[in-house]
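Just below sit the structures, each encoded as structure tokens.
Shared between the two complexes below is chain A, which has chain B as its partner in the first and chain C in the second.
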Partner chain A sequence: MTLTAHGKLQLYGALLLLPAAVLLAAFAYLPTIMTVINSLFLPGFRGEPAEFVGVENYQVLFDDPTFWKVARNNLLYALGTIPTSIALALGMALFVNGKLPGRGFVRMAYFTPTILPMIAAANIWMFFYAPQIGLFNSLLEALGFSGVNWLGNPSVALGSVIVMSVWKEAGFFMIFYLAALQSIPPELKEAADLEGTGRWSFFWRVTFPLLMPTTLFVLINALINAVRVVDHLFILTKGGPNNATNLLLYYVYENAFSFFDRTTAATITVVILLVLAVVATLKFTILDRRTHYQ
Partner chain B sequence: MSCKCNTFNTSWINNNQQPVMSVMDQSRIRLERVTKRWDASPAVDGISFDVTPGQFVILLGPSGCGKSTTLRMIAGLEEASDGRIHIGDRDVTRLPPGDRGLSMVFQSYALFPHLSVADNIVFGLRSRKVPKAEQRERLAKVAELVDLTDHLNRKPAQLSGGQRQRVALARSVISEHPICLMDEPLSNLDARLRSDMRREIKALQSRLNMTVIYVTHDQVEAMSMGDRVILMQHGQIVQDGTPDELYNRPASAFAASFIGSPAMNLLPLVAGEHGAVIDSESDMPVAPLEAANGQLGIRPEDIELRPASASGVPAKVLSDEYLGADTIAHLVVGRHTLRIRLRGRHAITGQHCRIGWPASAAHLFGADGLRRDDLTAYSLMPTAPPESELPIGSSQAELRHFPLQSQR
Partner chain C sequence: MNTTTTTVPRSRHVSVPSLDTMAAWLLAIIWVFPLLYAFWAAFHPSEFMVSFELFAPLTLENFADAWTQAPFARYYLNTFALVTGVVFAQFVVCTLAAFAFARFPVPGKNVLFMLVLIQLFVFPEVLIVENYRIASGLGLIDTITGIGLPYVASAFGIFLLRQTFKTIPRELEDAARIEGCNWLEILWKVYVPLAKPTYLAYGLVSISHHWNNFLWPLVVTNSVESRPLTVGLGVFSAPETGVNWATVSAATLLSIAPLLVAFLLFQRQFVQSFLRAGIR
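Here is the complex of A and B:
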């Protein structure tokens, strides 16, 4: 059989795609499908075949108060980290985009937390939060206040984890905002200045709308990170005390590797994936309409 | 109309009657020894000029001559290192741009890409908290004026270059400031559109009686639009005059070479036996001996081409470029080349010839490049009858046409 020129080109293209396709299939699509299947079965004991139970695993999960507590934690964590880190990132980007002495140094300083591995960052914050010798409590004591058990008190612990995450993420998002700010032509500011437009007014009428594509991108990333990044929990709290800082992915990990309940882990994973897909779709459809792409 | 400014503003936007005197005074611009230094060397070096209301003034010069910096200092986008800037009776040297009562059109148009044409135009009115109803009224009028009424809901990205340019113009017109600054507003347009926009801007300016300061490096724009041209070089004013003065009496060799297309021919002069002669062409004295070491300037259209047997400076035609209405021929004289413009078509490449020019068309520049009005170049016309004896109706152009043998 001889290939036509067109056929050859098609084959060539397919071959170029093959390595990526194989990798994605092996490490993304196949595990996803396996997870969905797992979530529909109960494992058989002592070599018996797994039993198909349909959505029963989901019913059990939704009846589990711990799951709801963890889900609620994760929602609070997302609400606590996403708007704060984005606002902070934007503020820092605006600041270091202006004329100020030592601008390069400040930019680098803001970006440093991003370079640190999450585990290392968590270790640093472990020292900040330590009940007796910690930085915060030492400072409070010097000012005459009694210390707080930042990570041990169930009503404070989640807040402490959120603060650390914001510190870690804001610098990363700042880089995107900084890049976007630098692509805004300076003449726009000059044209607005000539009309006597105030800084605040210019920000809301020009800068912020022009940053919308970046904001959308950062928003999606922040959302995914809120569910995806749990490294710091291993160091800081291990989900405790009494699940006060447990987040969904960490709960998946616990189920899979501490309790060896792979089915529940698979079920939660599928729920997470669905929720993320719905939220991302909503964001793109609602915000995309108001977003100006250049 | 609640405030005074409204009354006369509307009057100057609608109409052709002369605006009230106080408006006229408000648009007088005066620069006194204005300097801008970034590092050691000044970008603008102590320049002074005075723009009267209603004037269309061109700041002309090559890139890096300081013309844009001058404009930006008038606008307040750049702070003057030294000197004073007055607008009307106010010293605005340290005022922020928004308080100077002027508008500006940028080279890049500086349109807000996320806003519709209408929102772009009324952007400044919103900043200045003009009531909504008045905004709409003024928008409708201005959109009509620049012919954008059908495009008000589009985004800038959906417009052509010429339309974007008009949005930028509309934005500065709607502000009703009597002064408009323009920074190379046409340089992003193609040649045909540029000539249309030249006329539109000029018409708009005279219709609204705006005071315009217009920066360009294009001498065609300067000649065709300006009431007055300020030519700059190295941060200083080389010449300040009407387009006619710049063309016919260039103040320096630089001014001579910058204006006109093709530019004026400049030939170095050296001392000869009977006066100054063209360097490396030592036969024919062309100017008094005092002119030696300076330069002789003659516009391409002022040079007359004659047969090799006639009198004049010997030359050889290197090439000819036929442009339709006329032909630009490149000639070699001694070691120098010069360009001449001939009416009609002439295929004369390679021929030997002689050239000449009337004394009135020859400009002399000293060794320092400045114009020398104390000397008059010699006429190289073949015993031309005095002007008064010319038969009525015969133009100089006709007299000048000794055709060479064209190899057509």
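Here is the complex of A and C:
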């Protein structure tokens, strides 16, 4: 059998794609499909075949108040971390973009938390939050206040986790704003100065709209992180007290590897995948309207 | 290794700093404080954890304790093997795939490429349950290969390299072909060298990601022989183990030190890489 030159190229191309295709199939597509399938079955006891139960697992999950608590936590976590870290990132970028003594140090200070592992960051914040010997409570006591149980009090704990996440994340988003700010032509500022436009109105009427693509990009990333990153919970709270800080992915981990309930874990994973699908749709429709893949 | 003594250039004439400057500095101080505090706690005896005396005695005892209480040498080795292995394998697999997407007439290429991009959203750590099953089917539980393999076909790497390859003029490729290069030689001699900045950017992002990655390595490992630093640190410093805090901060610094030093030395490259990798 002889191949045309074009056919040969097609074959080469397919061969080049093969390693990536096999790995993606094994660790992305196949597990995704298996997760969806497992969420529709109940495992059989003692080697019996699994039983197809349709959406029953979902009904059970949606009747579980803990699931709703965890989902609500995740929503609050997203609402608590995303706007704050985006606003701080923008503020940091504006600071560092202007004339500032010691700019290099300030920029480094903002960015450094980004390169730490979440586990290390959580360890460090543990020193602040710990009830008796933690720094925050020692300071409060020195000032004559009574201490707060930062991670043990269900109404405070999620807030404490959010504060830590904002600290970890804001500097990362800053660099995207900084790059965007540096691409804004200085003539705009000069023109605004000539017109006597105030700083505040220049920001809201010129800078902020021009930064919109960056804001959307950062927003997508922040949304993904709000679902994806739960490492700090392993150190800070383990989802407690009484699930007050539990997030969806951590709940998956608990179900699969602490309670050995793979079915529930699969069902929650499907919920997470749906959330990510929404985020992906957001990205590919809103954000990439101007981006071309070709 | 000292991050605290970065000197601040002072303006020659004394002037009151503006409100902006003060706010920027205040925020910067708040932002480095946790790290500085970790240094303080790690280099002082534990009774000085919350009492800040300027002349508190310095000590390396905490580091010695951490080093003897947990097999950090082994963890370093594991993380090092993991990171080099993953980055090398990613370079190979992603380069081949990106080359195919950029230059070969594969049928259904656009659909395939969109399928690849899905992995930007569906990461191995979201699929821990099924990936665990697959890794165990392949006999990869508790191996460094098992930690790294799900990340090798990185959609992100394929995407970045494809974008770069597409910007390389065809004329260079034609010239190489006239000299008798086959496809692989063209890839190796024309495309790869011209994509060096992309490899650097992607490499740095990938190194920091895998140095810091935790959830999947935690799930897939269960012994000292394969645990990377993050998991080792997590196991070591879990609050219920009751390890002394000064020791925990020393251990924390030990595990972040290589990346932190690399970052402080090559700040510009790191930030540029994250930027390049992000704006896609």
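Quick note on the criterion: the second predicted complex is superposed on the first by the 279 of 294 C-alpha atoms of A that agree within 3 Å, B and C clash if a C-alpha of one lies under 4 Å from a C-alpha of the other, contacts with A are read in each partner's own complex, and residues count from 1 in each chain.
Heads up, the rule we're going with is that a residue touches a chain if its C-beta (ideal position, glycine included) is under 8 Å from a C-beta of that chain, and two chains touch if they have at least 3 such contacts.
Every value quoted in this text rests on a predicted model; they were computed, and no experiment measured them.
Asks: Once the two structures are overlaid on chain A, check if chain B and chain C clash or fit side by side.
Replies: Aligned through their shared chain, the two binders fit side by side on chain A.
Asks: According to the stated criteria, A:F95 is in contact with first (chain B), second (chain C), both, or neither; which is it?
Replies: second
Asks: For A:L282, select first, second, both or neither according to whether it touches chain B, chain C, the two together, or no partner.
Replies: Neither chain B nor chain C is touched by A:L282.
Asks: Is A:L210 touching anything from chain B or chain C once the two structures are fitted on A? First, second, both or neither.
Replies: The answer is first: A:L210 touches chain B but not chain C.
Asks: Pick one for A:I124: touches chain B only (first), chain C only (second), both, or neither.
Replies: A:I124 contacts chain C only, not chain B.
Asks: Considering only the touch criterion stated at the top, classify A:P185 as touching first (chain B), second (chain C), both, or neither.
Replies: In the superposition, A:P185 touches chain B alone.
Asks: Considering only the touch criterion stated at the top, classify A:L194 as touching first (chain B), second (chain C), both, or neither.
Replies: first
Asks: If you count the residues of chain A that each partner touches, which comes out higher, chain B or chain C?
Replies: Between chain B and chain C, the winner on chain A residue contacts is C.
Asks: Please work out whether A:L274 is in contact with chain B alone, chain C alone, both, or neither, and reply first, second, both or neither.
Replies: Touch status of A:L274: no partner.
Asks: Give one of first, second, both or neither to describe whether A:R228 is in contact with chain B, with chain C, with both, or with none.
Replies: second
Asks: Is A:A50 touching anything from chain B or chain C once the two structures are fitted on A? First, second, both or neither.
Replies: Touch status of A:A50: no partner.
Asks: Between chain B and chain C, what is the tightest CA to CA spacing in Å in the combined model?
Replies: In the combined three-chain model, chain B comes within 15 Å of chain C at the C-alpha level.
Asks: So chain A touches chain B in one structure and chain C in the other; where do those two contact lists coincide?
Replies: none
Asks: Over in the complex, which chain C residues touch chain A? Could you list them?
Replies: 3, 6, 8-11, 17, 20-21, 23-25, 27-29, 31-32, 34-35, 37-38, 41, 49-50, 92-94, 96-97, 99-101, 103-107, 109-110, 112-113, 115-116, 118-134, 149-150, 152-153, 155, 158, 183, 208, 211-215, 218-219, 229-230, 233-234, 237-239, 245, 248-249, 252, 255-256, 259-260, 263-264, 267, 270-271, 274-275, 278-279
Asks: Show me the residue ranges of chain A that touch chain B in the complex, using the header's touch definition.
Replies: Residues in contact with chain B: 185, 187-188, 190-198, 201, 205-206, 209-210, 212, 292, 294.
Asks: Any idea which chain B residues touch chain A in the complex?
Replies: Checking each residue of chain B against chain A gives 75-77, 96-99, 102-104, 106, 108, 110, 112-114, 123-124, 126-128, 155, 157, 171, 175.
Asks: Which bits of chain A are touching chain C when the two form their complex?
Replies: Against chain C, the touching part of chain A is residues 6, 9-10, 12-14, 16-17, 19-24, 26-32, 34-35, 38, 88, 91-92, 95-96, 98, 100-102, 104-106, 108-121, 123-128, 130, 133, 135, 138, 167, 171-172, 175-176, 179, 217, 221, 224, 227-228, 230-231, 234-235, 249, 252-253, 256-257, 262, 265-266, 269, 272-273, 276-277, 279-280, 293.
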